[in-house]
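Here you go, one structure.
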């Protein structure tokens, strides 16, 4: 995947983000710069509160920077855009819509005809293997199924960038593993630029081409680790020496950060 | 409360009488006057006043036995006729109801009422006066638009010009006149129909009470008589006492002085002797029957429910 | 292997739903469980009529509780007077229109309160303030500004229902998960879409509660509302019948109001089941 | 390794709590955020007084809205008449006692309704039925059975508050997670323990809502309650002042009711914060 | 652990349980018999709806049998008893009590003095490593911490039988693994008779001395598998051949059951 001529998809340029809260200012991000290439799979780890979600929200256009800019396809990001899809940790499905209704929500907004929207939505519902549940409401689905719907919904809007904020954080191990594999599989088929936040170092390594390690107070990029494990990867990858080496290294770095935060 | 013989129960503990009233001059003047001049004390009676918003609730309280005597206006007299209560004293002939037109809206005479919107509280004596007023010029309720509303809303409706005329009672009538000045034209009032529709107000007890507590009742009536006599000579002073009792503006109560024909004990005795009083009550029964509120078979002799003996005994 | 995993997920799911069903933990006796709910309604009715009959026999209460025959008779009486249906119709119109206007106003007010701090801080205390004041107390004010007839009746009911509904809906909108709004935005929703397609459906359960409270308050404010001047109406007639001491038709009218309330309640329940079936009940 | 895992847990936890803070998603302007809430109350008050002053100038409304000076003056008037404090005291006693009795009755009724289907089926429809009837309509009935004075006032308020509170608490008890009860039983809890140590605290949030609704309804029923015969009281005085068309003291009394309502609201909020601080807010 | 002379702690004797629901009778359990020995660690797997929870509830005394009896220490079980503690899947902590309050709930009920109760409760809070959170309310704890409190609460009442209904079902993988190890550790120290329901075959094998496989419609015990892996076990146990063999075998049996249910 690491071809020679790489196009920069997302350019994060010296971003600073300060929140004003009752207890004074909180510097959530400071001097964050990063180029993310087209079709690249970036994973992000770091202690809680280091600004991972803030960065993702800025890329998504859900929050504004205090200073610095973010570009997508050389266009400055000012607002949300359908070329940047987001998958949230808590699924964020619309509980009053069926699986189908959720997946085609974005399509209907774009004024697409019902038949066409249904057709596209069904394609992605099949992709996540939920064709038996098209007309089910979210409350009738298990956590893993809900997250699959969220992924299908993000895919259906056909974004070129997929931003995921700990999408598997709330799932049990089995489901989590399974969804990781499905995600990898889909990404290998239909490449998109992925920005994937996780607390789980294993997950970061098994998915990412580069792992971004962030540090807190203020949130900065501490290190970028290249993961040179070839795709297709699977759960077996976890026992390869490359994996274990990367894991040990990243753990130690993240662990330091955790200790830092505790102080 | 069952003491033997002696009516002047000095040195003994006073008998407590719970009196139900409505917050206006007509309802309170005799009792308050009697209390202030010590007429009840003299009779060994301690009066406790309880305020009510309307006659129906007073009747209900009477039935439950939680009050002893109550003051009621004309509308509630259907109940004593039906045997639900007994009248032990006449209070007054009311002159509180008026039909008032708004000259601004073109209602200057009774004839002008045709086709107009008139505010009235259904089931009250004001409604009857309105009926009589309309009948005088050959109109019926179908010739006008009736708005049934709460007494307080009637005033605001009239002043703000939402209705063309009202049929209501004092102090609402006073408030209307105060606010509208010459624009408010009094078209008719109780006095105009006194022979057709006597607006009788009376004092009530529940059936059987008088029999058991005759002595107390007579003494209480004696107190009332003293209050009546005092009142006739001191209308304004009593109005101020009433205002004090119900904690409202004294001027507002003074304006209610014209609400009734205030009589003395002697005048009352004359009315009893020459049969005028009985005639009033009889007429009242007929009016109820005509209005469909009383059935033919429910009509009965006045002396069965008006206890003339209490009134005469108290005068001795 | 993958297949198995999937089955496990489905199974877990089933367990979850099942647990929604067994709500009441402590019912023990079995024959009680078997009595159908229709029969219960019947039993409840019989018990009530029994108590009523007793009240109509006790001398003290008999005048206010005429027995069931007199009350049924008075349906005929009131129909002969030609007011029974017009009273019901008039009150229904006032309550429904007042409720609808109150509802329509409370929706945007609730949303504005939830979104904009200044509006919340300025409006909320006043809503809370007026909410505790008996409607009868502001009847004269309404008559002054709106005259007599249908309008002020509707206004009183609008005010009373608005106060409660706006607070209820406001709490609902406040409780909307902000990520839902974010999710809609990243899918390309504009402010209008967010209002219509996210805020509105997401606050439906609270809107339903508001509707339920609103209709009840509309009915209990009926007497106050119709004291602003009415030529027909249940509340106005109750006052008039009270003035003329006609206990049977008065009790009848009180019962009519109660029955209308029950019918509203059922309708709202029906609506609720249809509209908020998607809602996840508490675990 | 274990240590790290533990930290991760704590961190996750922090994120969770944090997310509770950012409730309103859409507030944009920053200076608005900085105005302290006390200032907002002041602004709200100023706006209201401004509107009031306008109303007192417009000829149509000026009679019912005397300006603020007249109204303040009437505090003195009513104190001179010697009724101001006794009216407030009397109404407070009626509302509080009525509310308390209503509350004490509604607790067991709610629990019984939640636990026993027969009781639920028999009682619930009647509560729903009476709930929609204006309290004024049953005032005569109350007077007949309870006489005059404090008792019937309290009874009217008890009925009105009971109806709403029992339904609210009942829904709360129904919603108690049955596993909590099971958990208590396996730890050796008897029926009494379950009631006192599980049902009672678990339904506290709903009880709080019930209290809030109950006090509001107690106040709005005040005029109805005090039309049963009273010697002092805010509602009864409003009627009397209404009869003599004294707009200033009447408006004053209306404001007093509103203020009492606000004070109750604050007290309940305080109580709520103390008693249900453990409660998990919706994610 | 498998000593020679084994005392029967729980005797399940031909238990049948029928539920009356609107759609007719549901036979939740039929002809279930099993002897559970003192200090034994029993794990139970089986498809959803096969009656695992029903059986546990019957042993706990929370439900009655339709026919058949259950004995604990040769005494017929008629009601709940403090010698049988239960840990529920959804934690079932009392949200209005602090960690300490929750753990000593049962102790206070037994009329124990405050100081004594506090002391015992603290012992078990330390056991599950939550001494820093004694005064926290459940809402302030993560899922894993909540489940630890639930375990401490069950332990504090000092039951001789511990019944656990999918206690770790709602936890993420890391926490789950950690709690499994803690549970094993505690069990090795303070032996109790454990009856542990799970959906996770790995978990069943790593914890149990015997794995009960149940089958559905009606709920029966299909097979009892002895796990002859010596304690102390840990996550490394998962790569031993014994473990894998047991896993393959049980998976295949359970899988058959799942297919059965699906039909």
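General remarks:
When the chains are written out, they are named A, B, C, D and E in that same order, and each has its own residue count from 1.
In this text, contacts are C-beta pairs under 8 Å (C-beta built on N, C-alpha and C of every residue); 3 or more make two chains touch, one makes a residue touch a chain.
Which protein is which chain? UniProt says A, E = Carnitine transport ATP-binding protein OpuCA; C, D = NitT/TauT family transport system permease protein.
Note that the structure is a prediction, hence the values are computed from the model and not measured.
Set against the C-alpha centre of chain E, every other chain centre is closer than that of B. The count of contacting C-beta pairs peaks for the chain pair C-D.
If each chain is reduced to the centroid of its CA atoms, chain A and chain B end up 83 Å from each other.
Mean C-alpha positions place chain C and chain D at a centre distance of 18 Å.
Chain B and chain E, compared by their mean Cα positions, are separated by 81 Å. In terms of their C-alpha centroids, the spacing between chain B and chain D amounts to 40 Å. Chain A has residues 90, 169, 174 in contact with two or more other chains. Contact of a single residue of chain D with at least two other chains is seen at positions 8, 12, 33, 60, 63-64, 140-141, 144-145, 177, 182, 242, 283. Along chain B, residues 54, 56, 60, 63-65, 152, 155-156, 159-160 each make contact with two or more other chains. Per the touch definition, chain D reaches chain E in the complex via residues 2, 5-6, 8-10, 12-13, 16-17, 177, 179-180, 182-189, 193, 197-198, 201-202, 204, 276-280. Listed in rising order, the residues of chain B touching chain C in the complex are 54-56, 59-60, 63-65, 75-76, 78-79, 84, 117, 119, 121-124, 145-150, 152-153, 155-157, 159-163, 293.
Residues 22-27, 32-33, 35, 37, 40-41, 43-44, 47-48, 60-61, 63-65, 114-118, 121-123, 125-126, 128-138, 140-141, 144-145, 174-175, 177-178, 181-182, 215-216, 219-224, 235, 238, 242, 250, 254, 257-262, 264-265, 282-283 of chain C are the ones that touch chain D when the two sit in their complex. Per the touch definition, chain D reaches chain B in the complex via residues 60, 63-64, 78, 81-83, 139-141, 143-149, 227-231, 236-237, 239-246. For chain A in complex with chain C, the touching residues are 60-62, 80-82, 84-86, 88, 90, 92, 94-97, 105-106, 109-110, 129, 137-142, 144-145, 153, 157, 174-175, 178.
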